[in-house]
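Residue numbering begins at 1 within each chain, and the chains themselves are lettered A, B and C in the order written.
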Amino acid sequence: MNDIWSWQRAADVLPLLLEGFRITVLATVVGMAIASVLGLLVALVRRAPSRWVTLPVGFLVEFIRSTPLVVQLVFVYLLVPGLSSLTIGFLVLGVHYATYMSEVYRAGIDAVPRGQWEAATALNLPRARTWRAVVLPQAIRKTLPGLGNYAISMFKETPFLFAIGVVEMFTAAQQYGSSNYAYTEAITMVGILFLAASYPTSVLVRRLETRLA
Amino acid sequence: MSDNLQTLGDALPRLGDAVLVTLQLTLGGAALAFVLALLLGFGSRSHRGAVRVPSRVVVEFFRGTSLIVQMFWLFYVLPVFGFRLESLACGVLALGLNYGAYGAEVVRGSINSVPAGQWEASTALNLGHVHRLRRVIFPQAWALMIPMFTNLLIQLLKGSALATYILLHDLNYFTEQLRRSTQDTFFSFTFGLLVYFAIAYLLTLVMNALEVRAKNRLGAGPTLREVLRIAPVPATAKAGAA
Amino acid sequence: MTDRDTTPAIEFRGVVKRFGDNTVLDGLDFTVAKGDRVTLIGPSGSGKTTILRLLMTLEESNGGLILIDGEPYTHEMRGGKRVAVPEKRRRQVRRRVGMVFQQFNLFPNMSVLENIIEAPVHVLGLSTAQAVVRAEELLEQVGLADKRDARCTQLSGGQQQRVAIARALAMDPEILLLDEVTSALDPEIVADVLGVLREVAETTDITMLIVTHEMQFARDVSNRVLMFDHGRIIEEAEPEVIFTAPREERTQQFLSAVLGEDTADRS
């Protein structure tokens, strides 16, 4: 029988985990980039005057937001052949988190005081200019902490990619564990790496939150 | 399509079992998370370092390490230390610990956002510390907590889908089985996701009802009964409800 | 007072209170005799409200002693050192002190009656029936007998403040602290609240410490007025004296600022 903890195995698996960590970070960065842009688009579309637009979009957003990410990943992976699983991962993470981000943007836009809109009207600014020069700059500033929090949250959900075989940090650990019948070191170290990366980041985001508040 | 429905019809008993497993994970996890959220949330506000510091460490630990890592750790690593838990227990424990840590932040934040005047008035009436929290502060914080708990509950439901990977036959597992027997990815996954959506919707309705009641108790907003009666109810339906 | 007890109800001995670098009270000494009605006046930021908050243990002092009926309240001298009094003993003393706040601070999760009986039942240990009888008397007294079962949020500001007064009186305080109790109210209902307080002043011998901008009320109710500036008492006199012939220039300036044009008429 093995000892409970083997430093040898820990040393063996660490390079694999660090390799996986790169994919984890990559997925988070690309996923958040998609979520940030798409989320803003969704937030704007949901303010459209026609209910023919807002109702279906609203339903789709609610649907994606309240069903499991991991099921969505497998669904899209099976449904769309020809794309690499990493690409699918980027897209699904991005779309899923876009539904969260759209709420963050919506709150940010709602928080812009009415007076700002009225002043823009009084100056006869065109609607597009009002959005671009007056409303969005103020709204987006307020969304930064939300963006940070969701980035951390996405980072911790990247292990879900193991369901479609993307070898990020967790999948690397899982693969090592199942081929060596030794999960202890690999999974424990993944947990520690997640904690080591996400805790300092969340402290930074909290600081940002208080500074922008 | 009709073949699909036929297959689905045959699988209905298994669907019931799968939904039951998902609900056990969700509600069991939520119950554990709720208790932990209260303990850790109040612990995080304690004046005594011996209570506060461990509470903060536990909260940050379970927030910082990923849910799936925790679940796999309980399933694959904990037995190495001589504790073997059933799959369902692993799932409930991981969900409860993870979302309990998030919930603790909700509890702490809500307690802190009860206006200072309420604390001061309790002091002026010489209410004891525990009494003050229980009778004055908590009922007001509760109304603030519920919407955030609703979000966490939906997150927890979604997280429960990971249980498939620790060998539980939950709704996620059922969906994949349905795909295997129908050979129709779009049909089976759309169906599975819709069932998840329906559960999420029901849970949200229940939580919204709790929220209406909590707010009404604070003298804000209508009673639950008034909310439910906003739509004109046909006489027969009313009789049936009574 | 008719009894011979000359121990002051409240005594401040060299009390210091700082907020960060800002020293609000710098070695304040003063006493309030039992049954006294003392009004604290002065510009905002002069430390009046801080005094009430220290007496309610809502703030911690940084130096000096506060005594209630001659007993150390928040701090005491032990072996030549100033040490905090344990919360348990503070609570015993605090039982004699009640407070009415500027923002009422009624508990929104309770009805009017529940607000009033909460502390009598759970702190004084009265039976619910006893507490309800007393609460109904008090509601009668403040003119809100019909609001017994109302939600606090359904009441107007003036009504809420009258409930808050009843709630404070239900604890049978020996000392009542009134912290700008009319400042958050619309002008037309200020009179109702002050009327209630006048009656309390006439019918009880509760020691009162009042912070207010209502000079006419201060004049009617109090038997002493302390003028504060920068955390120090710069003038102290009976209301008739201080409102008609203030000695200090600073007091004159303050009074003419708050009373405006009609200072001459009132004097």
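Everything below uses one rule, namely that a residue touches a chain if its C-beta (ideal position, glycine included) is under 8 Å from a C-beta of that chain, and two chains touch if they have at least 3 such contacts.
If you're wondering where the values come from, they're calculated on a predicted model, not measured in any experiment.
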item	value
Given chain A and chain B, the chains that contact each of them	none
Most distant chain from chain C by Cα centroid	A
Distance-to-centre winner among chains (Cα means, whole assembly as reference)	B
Length of the line joining the C-alpha centres of chain A and chain B, rounded to whole Å	21
Distance from the mean Cα position of chain C to that of chain A, given in whole angstrom	54
Mean-CA-position distance for chain C and chain B (Å)	46
Per-residue multi-chain contacts in chain C, two or more chains	none
List of chain C residues in touch with chain B within their complex	56-58, 91, 94-95, 97-99, 101, 103-109, 118-119, 122-123, 151-154, 164, 167-168, 171, 177
Contacting residues of chain B [partner chain A, same complex]	60-61, 63-70, 72-73, 76-77, 80-81, 154, 157-162, 165, 172, 175-176, 179, 185-186, 189, 192-193, 196-197, 200-201, 204
Chain A residues touching chain B - in the complex, by the definition given at the top	4, 62-63, 65-72, 74-75, 78-79, 156-157, 159-160, 162-163, 170, 174, 177, 183-184, 187-188, 190-192, 194-195, 198-199, 202
Contact footprint of chain C on chain B as seen in their complex	115, 117-118, 120-121, 123-128, 131, 135-136, 139-140, 217-220
